[in-house]
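Chain lettering (A, B, C, D, E and F) follows the sequence in which the chains are written, and residue indices restart at 1 in each chain.
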Amino acid sequence: MYEIVSSVKRNYIADLALHEKRLDGRTFDQFREISVEKGLIKSANGSARVKIGKTQVLVGVKIEHAEPFPDTPESGVLMVNAELLPLASPTFEPGRPDENAIELARVVDRCIRESETIDLEKLGIKPGEDVWAVFIDIYVLDHDGNLIDASALAAMAALLNVKPPEEEAWTLPEFPIQKRPVMVTVSKINGKLMVDPCLDEESVADARISIATTEDGSICAMQKGGTGYFSREELEKAYELARAKADELRQHLR
Amino acid sequence: MEKPEKLIVDGKRLDGRAPDELRPLKIEAGVLKRADGSAYVELGANKVLAAVYGPREMHPRHEQQPDIAVLRCRYAMAPFSVEERKRPGPDRRSVEISKVTREAIEPVLFLELYPRSVIDVFIEVLQADAGTRTAGINAAAVALADAGVPMRDLVSAVAVGKVDGTIVLDLTKEEDQWGTTDMPVAIVPRKKMITLLQMDGHFTGAEFKQALDLAFNACERIYEAQRQALRERYAIKQGG
Amino acid sequence: MYEIVSSVKRNYIADLALHEKRLDGRTFDQFREISVEKGLIKSANGSARVKIGKTQVLVGVKIEHAEPFPDTPESGVLMVNAELLPLASPTFEPGRPDENAIELARVVDRCIRESETIDLEKLGIKPGEDVWAVFIDIYVLDHDGNLIDASALAAMAALLNVKPPEEEAWTLPEFPIQKRPVMVTVSKINGKLMVDPCLDEESVADARISIATTEDGSICAMQKGGTGYFSREELEKAYELARAKADELRQHLR
Amino acid sequence: MEKPEKLIVDGKRLDGRAPDELRPLKIEAGVLKRADGSAYVELGANKVLAAVYGPREMHPRHEQQPDIAVLRCRYAMAPFSVEERKRPGPDRRSVEISKVTREAIEPVLFLELYPRSVIDVFIEVLQADAGTRTAGINAAAVALADAGVPMRDLVSAVAVGKVDGTIVLDLTKEEDQWGTTDMPVAIVPRKKMITLLQMDGHFTGAEFKQALDLAFNACERIYEAQRQALRERYAIKQGG
Amino acid sequence: MYEIVSSVKRNYIADLALHEKRLDGRTFDQFREISVEKGLIKSANGSARVKIGKTQVLVGVKIEHAEPFPDTPESGVLMVNAELLPLASPTFEPGRPDENAIELARVVDRCIRESETIDLEKLGIKPGEDVWAVFIDIYVLDHDGNLIDASALAAMAALLNVKPPEEEAWTLPEFPIQKRPVMVTVSKINGKLMVDPCLDEESVADARISIATTEDGSICAMQKGGTGYFSREELEKAYELARAKADELRQHLR
Amino acid sequence: MEKPEKLIVDGKRLDGRAPDELRPLKIEAGVLKRADGSAYVELGANKVLAAVYGPREMHPRHEQQPDIAVLRCRYAMAPFSVEERKRPGPDRRSVEISKVTREAIEPVLFLELYPRSVIDVFIEVLQADAGTRTAGINAAAVALADAGVPMRDLVSAVAVGKVDGTIVLDLTKEEDQWGTTDMPVAIVPRKKMITLLQMDGHFTGAEFKQALDLAFNACERIYEAQRQALRERYAIKQGG
């Protein structure tokens, strides 16, 4: 996910940060342009394509029969998978998901699972034998940074787009969505915190913290990344940033 | 879905098309930022994306060829592109399609211009409705041109088949499943060279020739759409 | 499957072709010597070894219980697998089947499946639960070119050799073979078409087209290979060649 | 195990601890002969072993970095370390933990001292009872010091969470399973830098801050235990 | 499992052997110090850590429900797995078990299985459907030679430590152990036979023979390793050595 | 198959053999065109093919040894070689057999003659009836000689075991399954060196010695058959 940037560019970006500036003229608390398109994929039960700047992520949701986990025999099953497609970046290679793809999938999984966005308890069919499985497949099409926020937003939009399977076994009036968590990633460059890093910024950032909050501002998932660190104060500031921007991003889910 | 009693009624197919009619076709070039070249193709309900990287340095090095560039193609389907979720990762079908796609495209490239390099073509099927390999080849050809890779010509591809005893163009999923025969064909349009041909089902010799006629005709129309997409892309690039 | 040949040899073979000649003195429409031996492997339900010149392919057929596919709950299952054994060529490496092995298996599969050589509908046992699976394992022992024709012929011979399993569940009088498709591969060298390429010829060929025909001359499968092309006229000529030679090859199935 | 009615009764947890109390902690350095450095950590019922090899030559070579050493971390669980036997081999969870462990440790290392080298950290969970990733980081830091790898400081880690509405330190398996929130944290103690932070569950902003307080406090105690283990190890080495 | 030793050391060890001596002063029929600790791992049904000199092996036994093999529908199932952990040696690499790990697991498996140490016939639950599976996981923690003897001893000690699962389905009074086989490995260096090779000795040895014997001195498993050979006389002598030392090792199982 | 009441009746085994009798043995050298050397062995119902490639350049290069050739062996079973179809690809059993086969053969080779090279031995079991690993070793030794690889001697191998309390030579599948003991042995005949020995089951010390006697005797007969196969091959080569 991280790429090599020339040391000149690196210094330039770090220097800009010192002066509260960014490569593309944004302020530290400003996202790139966001677009959310739902329902592009008819073969999925729900789908959405999110663009944040030039980053592009497609999410398809499939709902199928599955066996429940032994410890929750009456609950539906949630599976999140992410593919960093080789067409999205010269550094992505074909093959099994690497640690970056796995982390991306697991972070989005926790954001949705821990907020109880989907009421999985309603997705049982026959206890211990048959339940509904919700597969969220994250397909990264174009990588210009901040895949976590784009993927979480696309997953949430795709869930809101879900049309339940047309089967007798489906007895709910609609797909049971309870929350709308939104993930905001804050990057630290040269000691400065900024939201929505583009790829060049990611490449020079010391660290990032991704914070998922629900409508009431409470946190449902966090993940620090990168080989740098955060001070306590920085973390608290990042939370305030994430909380504020989450409301803005959530507008795109309507 | 149950097998319909008839797939062609009064000379019309289930979706209303005549036997020699193509599904609606949409081609767009240059749809991705990071890739060196890219294209998006919609053919009926098929939605396919292709991206090209290269010519670039070949890794691992021991796979470099001293006198030519290596062309690599990878055809893949999104898990949500089909009725029943497909597990990610290559299966035998996609390995074979990747191979024949590469062999369909390679004849139009000047690989000798880039020794020790690799050209990567990635094809992703986002929504599938029969004919994805030919849609992928159409997209790949446009993406290669968009990447500025020197080419003898484009490659245009389409499937023909036999349904209820009639030779038809550009089969849908239902026609593929319940019909008799499927034959994907790729053609280098200017020289009329056939670079991909697969077939399974049943054709008499005469039907085979009739099917080739249909394919050649349709590829001309596809070729025109590909060139139009590149003209539009070029206009935008110029304008930008 | 393709190997490196010196440019001297390459030119020599191409030059010969121009003069309607081949390395081993054959005519363009002539196969190498063919032998078909059936029943060598007692642990298989059916088996056959085919030699075409120095190419040697062994096929074993196993018939076992299996679950049917959901969309054909009453039909038997056909599985074709091919192994390009490392003992067959210095260029074959141990490991999972590569794209050449997979193509070989899938082409033979389609040749048999699409011609409805086996009446799979008769191979149900208990609808939706238990059917007969026919495993065709292609074992390439010695590779001197034209593996597709040798494998398809060996597969067909092995099927004709099948002795059904000695089980109560087997109720048919015999193994239900309905057709005898035969595959003929035509190679194009220096613009000339010829059947049954040996390894050296394969290595210099521009392209090949493999055409499977049944007894009545109709086509049940085709596969173009190689990075060259065919003109329309060449294709039609290849079909005529394949149809004519298929009758000759089919003699070996008696 | 059934979910207990309450996880905290009269201010005490199921195992009798106060909310801000750590489980019994035991750290031993230099427990393996072949490894360049090693450490064993017991935290409650967790038993974790860490070993360090390196800096050593990087294989395969194309993964060498010209200006720094590469740090590789591998977190793994023994098949018998959990209730239901775990199949050997990495799963998605252990791949992610290996990644965040590496990112938690890397800030204290001077990787620029060993260009083209690799430092390998192997963490094996022998018995698991929640908090294995933080126990593994504690062990890894001691093992790195035991190996003589130059470090800015150690790294100390602990999980905090929320159970029955109370912010608690160092969750057990039951508290992790039936509680609301789990937040593993790693800290570089002297500079108070946070190098690992993950969280899932539910925290208000205020709870998040309270949880950080608990983590910082506990990491000081863990830090002292790590240093004590190294002092004992050094005394033995000197004595030997 | 074999490592590179400098030719100086190699010659030194070989030379010592000629003079009936060993690197660490032991006699040819002397083991290094042995310790056996049982019950360290509470999450396992049984466990033991064996140290032989500086070699350290941990074995955990898990007992779980499983499906029986079709040909023994009423018998329990035994599975032995070995991991040469990368923390145990600079030459062990992460990843799937290599041939050395597989050989280690299979030799210990045969030692236990063929001696009928566990009465698997008593471990059925519901014929053809449900039986007890005994998983023996060998975890090599520190590698200073003679992993086979250490692993076999640890496996046996862990089996003797087994506390059956607390489930209704478990109806036996105790875990059914019938035998106590012990494995002794004899190395050949410069024509001399010696037990319990340390790593340096293993690295210069021509060959090894591992012999498992039960209480009555009969052999239940053997495995020759290494690229050298044994004469007939050497084999018979190795058997006498193994039989004698097995009694000594078996003391540690009490 | 049900377990028979007795496996030996009136001193004869189920297939009529005496306890010290070998199954019919057929060895043919030079059966494959592409391989540098090859051999086919039938032993009772076992049908095994071995091929040798090399000494040839070692790929990947980092596995080259500066002072010797590397010997690689791969034992594999055809899916149709056994009662229940075997899934293709190596399982744990075949990995172990490949290893002990290599160690059985290596003592007779002069690997120091070909530094940086590799010698590949591929063994394919086409039909299996117990004793495939020893049949494979017999075939491999002949194939190596057929390839012209310099050898100290051949290697001859056979299994001995115990059935109904009797020590028997060359077990069949039924004897292996229902008998007590199986002990495959490989011997370098001229020097009487034992290069492979595995055993599982039950032997007293005396039975072990008796079994070794049987093995040594049988290997002499096998050795003669191997040499005869090479003589015939050589005669053909000379004749051709």
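Just so it is clear, a residue touches a chain if its C-beta (ideal position, glycine included) is under 8 Å from a C-beta of that chain, and two chains touch if they have at least 3 such contacts.
What you see is a predicted model, and the numbers here were worked out from it, not measured in a lab.
Participant: In terms of touching chains, how many steps apart are chain B and chain C, taking the shortest path?
Facilitator: The fewest touching-chain steps linking chain B to chain C number 1.
Participant: Would you identify the chain whose Cα-based centre sits farthest away from the centre of chain A?
Facilitator: For chain A, the chain whose C-alpha mean is farthest off is F.
Participant: Measuring between Cα centroids, what's the chain most distant from chain D?
Facilitator: Most distant chain from chain D: C.
Participant: So, what's the distance in Å between the C-alpha centres of chain F and chain C?
Facilitator: 32
Participant: Indicate the whole-number Å distance between the mean C-alpha point of chain D and the mean C-alpha point of chain F.
Facilitator: 51
Participant: List the centre-to-centre spacing of chain A and chain E in whole Å, with centres computed as mean CA coordinates.
Facilitator: It comes to 49 Å between the two C-alpha centres.
Participant: Using mean C-alpha positions as chain centres, tell me how far chain A is from chain D in Å, no decimals.
Facilitator: 26
Participant: Enumerate the residues of chain C that touch no fewer than two other chains.
Facilitator: In chain C, no residue touches two or more other chains.
Participant: Multi-chain contacts in chain B: which residues touch at least two other chains?
Facilitator: Residue numbers touching two or more other chains: none in chain B.
Participant: With touch defined as at the start, can you tell me which chain E residues reach chain D in the complex?
Facilitator: It comes out as residues 40-44, 47, 54, 56, 58, 60-62, 64, 81, 83, 85-90, 94, 96-97, 135, 137, 139, 141-144.
Participant: Quick one: in the complex, what on chain D touches chain E?
Facilitator: My answer: residues 32-35, 38, 45, 47, 49-51, 53, 56, 74, 76, 78-85, 88-89, 120, 122, 124, 126-128.
Participant: Under the touch definition given earlier, write down the residues of chain D that touch chain A in their complex.
Facilitator: 92-93, 95-96, 98-100, 102-103, 106-107, 183, 188, 192-205, 208-209, 212, 216
Participant: Chain B touches which residues of chain C in the complex?
Facilitator: So the residues of chain C touching chain B come out as 99-100, 102-103, 105-106, 110, 113-115, 209, 217-232, 235-236, 239-240, 243.
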